[in-house]
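The two complexes that follow have subunit A in common; it is paired with subunit B in the first and with subunit C in the second.
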Partner chain A sequence: MRRNKWMAAAVLGAFTLCLPFNMASAGKLDAYRNMLAQRNCTISYENITPAEREHNRDSSNLSATFGRMSTPPLYTHKGYKGMVVMQGEDRYVETNYGDYSKCQLKKGSDVYDFKREVKKGKETWKSFDGKATVVASEFQPEKELLYGESFGTSDVSRLLGVMLPKDRIPAGQPVYNYVGAGNLPNGQSYEDYKASSAAGLEAVRYYFDGTKLVRIASASYSRNGAGQLVGRKCILKIMDFSGTPDSSKLSMPAGLKAKSLQK
Partner chain B sequence: MNWKKIVAGVFACGLMMGTVSAQQPAAAEYQNMLQQDFVLSYGYEGKTEKVRITGDAGKRMTAILQENLWYPKVLGTNDKIYQFYIEKVTKAKVLPLNMLGSDKLSPDEKWTEKKDRLALPEELAVLAWQDKWTSHPQSLGAPAFSGSSKRQVGSDEYDCDQYICDIRNQAGGVSGQLAYNLLYKDGKLVKAQKYLLYKGKQQLLSTLDIMEFKAGVDEGAISKLNDVKVYKAELGDINDLLDNPVEEGTMGGALNAQK
Partner chain C sequence: MKNMLKCAAVMALGAALIFPGTDTEAAAAEPAATASQSPNCVVMKFSDDTRYKGLESDERFAELVMEKLMDSGRFKLQTQKPIGKDMEEMLYNERRQEFVDAKRAIESGDLSAVFEGQAFKDEMANTLSTADKGQIVASAVTSRIGKESNAEYLIHGTIVNLGKGTWEDTDFKSGTSLAATVLQNIPGLGLFGSIGGGLLRNANKVDTGFGVIVDMRVIRAADGEVVWNQRSQVRVKKTKNLNVPLYSKNSAALNETDYVKALDKAAQEVVKGMVKDLDEHKLFL
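For the complex of A and B:
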C-alpha cells in the first residue's frame, strides 16, 4: 500500500516538473498503439487495485444486489483479471473474478454474452440465464460511437482506450497528451501521459521492461456532482500484449453452442 | 469536406422523398411548449412502459402508467429532487439537487437514474436541446434541421421534419450520424423515429408513439401529491444504520414552501 502511494506521488510529482508536450507519438508505446490501430492483438492484464467500496455502509441488502451479481468486485473489494482479443472488427472481452468470468464475443454483427463459472473445480460456460446455447444479439454501433469501445470495466476501457487511434475515440472524452519519458532505478523505463479538463486531471504512466509494456498506472482527481474532490488510482499489471490475436478466444468455448442472427 | 459527411448527407436525402426547407408550423408551437409548460405522454414501440411528463419552467414530474393509473415516479424542482415509492401508500424521498454526485448517497436509491427519468425522450429533445433536465453525450452535436417531406410509415402517410446530429470523434471527424424524423399528422406531432447513419447504412433504432402532447402543466396531478409523506434521502448517517428514515413533512408543505 505504501509503495502504491509512493507511485501515485511520483507520477503526480512528474507532472508538476514536466512541461506538457503536445506530441502525439512516444517511442515505446507506439508499437502497442499500432496493434490497436491494426486491430490485431491479444491483451491479458490484472487489475491489482481493489475496487472502491460503492455503498455508503458496509452492510448491503442482498435482495437489492442479487440482480447485480455480475459486478462482484464492487462488493468484494478484490482485484480482477481480464483479456481483450481483437481481430479486425471481431473482438473478445473477458473480465475474470476467479470463479466467475463475464465474457463477450463479437463476430461480425453477432454479439454473444456468456459467463464462465467454476464449481467444485469444474469449469463450465453458459449463457447468462444458465442455458447451453447463447443466442446472439445484434451489434449496436450507436453506443460505441457515442461513448467509446468497452474492453471490460470502465477503468480498463479508459486506460486501454488512451492508445486507440483518435478517430475511434468520441469527442468530449479526455484528451491524453504525452508529457515525458524516463528511466527507473529498477531498470524499467516509463512514458507519461496526462489529460486535464473541467472535470479533472488524470496522469497515466506506462512502464516498460526493455520495450515490453509491463504495467499501466493511473492517478486521477476530479470533482463529483456535489463539488467534492475525489481521487482514485488504478494499476494494471500487463501479462501479455502482443500483435497476434488468440484465435481460440474468437470462437465459442467448449460445450457452449452459438445461435447466430445470420441466416 | 469529410467524405463521410458527404455519404451521410446522401443517405439523409435518401430517407426523404422530396425536400422542403421549412419546419412544420406546429414545430415552433411545440418548441415553445417545451420551454414553458406542457403535458407529454408517450411509449416506445416494442416496449410496454408508458411515460407521462408534465412540467413548467420551475418543475418537472414524470409518471408511469400501471393498470390504467399514472403513478408518480420523480419530481424535480428548482433545488430538489423527489422520488416516489409505494410502501402500502405512496411515499417520497427528497434530495437537494446540489448533492446529486455525492459519495454519501446510497447506490440502492439510484438518485442519478431517477434524475435521468425527468429528461425528454431523445427523439423530442431535438425540439429543446438546451432543456435543463436532459443531457446529451458530449460526442453528439446539436441537431440541424435537414428538411421536410411526406413520409410513409406502415399504411399511413405523415408530414416529416428531419433533424440530424453528428457523432464526432477526437480526430475532428464525424464517425456517424443520428437522424430524427418527427412525424406529423393533420398538424399534430404523433410519432418520431430515430435512425443511425453509419458506414453507408441506415438502421432504425426506435419508434416513439406520442399519446398526448399539449400546452399547460397538469397542476391537478401535482396537487394530488399534497398528502404524500416525504423522507430524507439516505446520506450514510446513523439513521441509515438504524433503518430509520427521517420524515420531513408532506409534499404539499414542501411544494408550498417553494412558492
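For the complex of A and C:
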C-alpha cells in the first residue's frame, strides 16, 4: 500500500514537472494565435526581404497560394507592405507595392480579386482586366484545406500560418514546434519555432516589445536543383496586429462594383 | 514686314557675336573632365533571371551597357569588357559555410546564433538580385574584386523580364473616349451622334513589341553597399494594330532585330539614368 502511494506520488510529481514545458508554449504569441484562430483581427506589416523570382530559371513548381504567380514583373524582387483583415468568414488581403496593390476580398463564399493603381497621383481601383466591375469567383475551401489559408504572398501566409493552432495545419504541411523563448539585450523578447520536412528546415522567431508583436523573422535551409544547400531569410516588420477588424476594408472600394455569384 | 525680318536678323547676328559658342566649349570640356574625376569602375558579368538563358541576353546587355558607358565619356572604366566572374556564384561560395553553420545551429537549438548574427541584420541583402539601395552584399567578395580590378565601384545588372507582349495604347483610348462623349452630347446630332460616338468608343489601338525589365546597381567595392539601383522598363513597339469599325490594320510578326533593339534601348535608358544621377551627385556616394 505504502509502495503504491510512493509510486503514485512519483508519477504525479513527474507529471507536474512536465507541465511547465507544455505551458511554456502558452506565451506571448498566444494572444495573436487566438486572434487568427477566431478570425477577428487586423494585421499590417512590411516585408523587407522579398523572395527571389520563381518560375523563370528552372522551377515549374506550381503553388495554390494567392499572389505568388501573378505579380506583375515590375514589382518582383521588391519589398512590399501588406494587410490582412478578418472578421468571421469575411477576409481582406492586400499586397501593396506602392503604386500598385493586389487585393482580394472574401465575402461569404464570394471572392473578389482586384487591383489598386496610382497613376499621376490618382488612385483607381479596377478588376484585373481593367474593368470597373469585379465578378466574384467561388471560394474553394478544399484549396485552403490542402495548402493552408492564404494571407498574401507565400512568405506571409507561411509565417502567419505558423501561429495557427496545430489542428488548423493541413495534413502534409510542416508543423512548427515550439523551441524556446528568451530576452534580447535591446529589451525585446522572443519566441522560437522550428519545423523540419523533406523540403528543408525552417526556424521562425517572433519578436516582442513588451507583449506587442513587432517582428517576425525566418531562416530556411534547403537544397536547390543542383543539390547545393541554400539559405534564405525573411523578415516581416509588424506595424499593427490587433483584435479589432478594420471594417472599412471588408467592403468594395468606392468606384468599384461587385457582381456576386449569389442570386 | 520686311523691316521686322531685317530687325530679327540683326538681333540674331548680334546674339551670335556676343555669345560665340561659349556653352558648346564648356559642354565639350565637361565630359572629359567628369570622366577623369569619376571613381574607377568595372562592369561585372550580368545576371539573367528570365526563362530565356539560352539567348545569352545577360552577355549581350552587359556589352551594350559597357559600350554606352564608354561612349558617354563620363565613367572611368578599368576594363574594355565586362569582367567574366559570376558575382552570384562568388556570393554563394562565400556564404556556403555560413549556411552549413546556420543549419547546424538551428538543428542544435541555438537559434540566436542565426537570428542575432551578422547575416540577419536588416541591411544585409538576401541575394544580389533582391539587393536594394543601402543594403550590403558580401563585402569580402566585392572588396576582393575591387582590389583585383583596381575598382572602387562595381556595376552589375540583372535582366528581370524579357518577352513579347501587346499593350493597348491608353492615350489613344482616352482620346477616342473623350471624342465619343463629345459627339454623343452635341445637340442636334441625334442618332448620328449616338452611332458615331459608339463607334469611336469601341475603337482601339494595340501595339505589339518586345518588353525588357532590367535592374542596374552600383556597388561600392570596399564594403559591398549598393549605393545606387534603378529598375527600367522598356518597350520597343514594332507593330500597330488599329481596330476601328469597318477598318483594321495589323502588322507582321517580331524578329531578332526587334529583340536586339529592345536590349539596346534598355541599355540607353539605363546609362541615361546613370549619367543623370551622376550629374546630380546621386550615383557614387
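By definition in this document, the second predicted complex is superposed on the first by the 211 of 263 C-alpha atoms of A that agree within 3 Å, B and C clash if a C-alpha of one lies under 4 Å from a C-alpha of the other, contacts with A are read in each partner's own complex, and residues count from 1 in each chain.
Going forward, a residue touches a chain if its C-beta (ideal position, glycine included) is under 8 Å from a C-beta of that chain, and two chains touch if they have at least 3 such contacts.
Everything quoted here is computed from the prediction, not taken from an experiment.
Asker: Quick one: is A:228 in contact with subunit B, with subunit C, with both, or with neither? Answer first, second, both or neither.
Answerer: A:228: touches subunit B and subunit C.
Asker: Is A:192 touching the first partner subunit B, the second partner subunit C, both, or neither of them?
Answerer: second
Asker: Touch test for A:49: subunit B only (first), subunit C only (second), both, or neither?
Answerer: After superposing on A, A:49 lies in contact with subunit C but is clear of subunit B.
Asker: May I ask you to decide whether A:163 touches subunit B, subunit C, both, or neither, giving the answer as first, second, both or neither?
Answerer: A:163 sits against neither subunit B nor subunit C.
Asker: Quick one: classify A:173 as touching subunit B (first), subunit C (second), both or neither.
Answerer: first
Asker: Now for A:146: first (subunit B), second (subunit C), both, or neither, which partner does it touch?
Answerer: Only subunit B is touched by A:146; subunit C is not.
Asker: Overlap of the subunit B and subunit C footprints on subunit A, residue-wise?
Answerer: In the superposed arrangement, which is not itself an observed complex, subunit A uses residues 56-57, 228, 230 for both subunit B and subunit C.
Asker: Contact residues on subunit B for subunit A in the complex?
Answerer: Residue list for subunit B touching subunit A: 98-108, 112, 137-140, 167-171, 173, 175-176, 178, 196, 198, 205, 234-236, 240-241.
Asker: What residues on subunit C touch subunit A, complex-wise?
Answerer: Where subunit C meets subunit A, its residues are 49-51, 53, 92, 95-96, 98-100, 102-103, 106-107, 109, 111-112, 114-116, 119-120, 122, 126-127, 129-130, 132, 160-161, 213, 215, 231, 233.
Asker: Can you list the subunit A residues touching subunit C in their complex?
Answerer: Going by the criterion above, the answer is residues 48-53, 56-57, 73-74, 76-79, 179-180, 182, 184, 190, 192, 194, 201, 203, 205, 217, 219, 221, 228-233, 235.
Asker: What residues on subunit A touch subunit B, complex-wise?
Answerer: Touch residues, subunit A against subunit B: 54-57, 61, 64, 140-142, 145-147, 165-173, 175, 224-228, 230.
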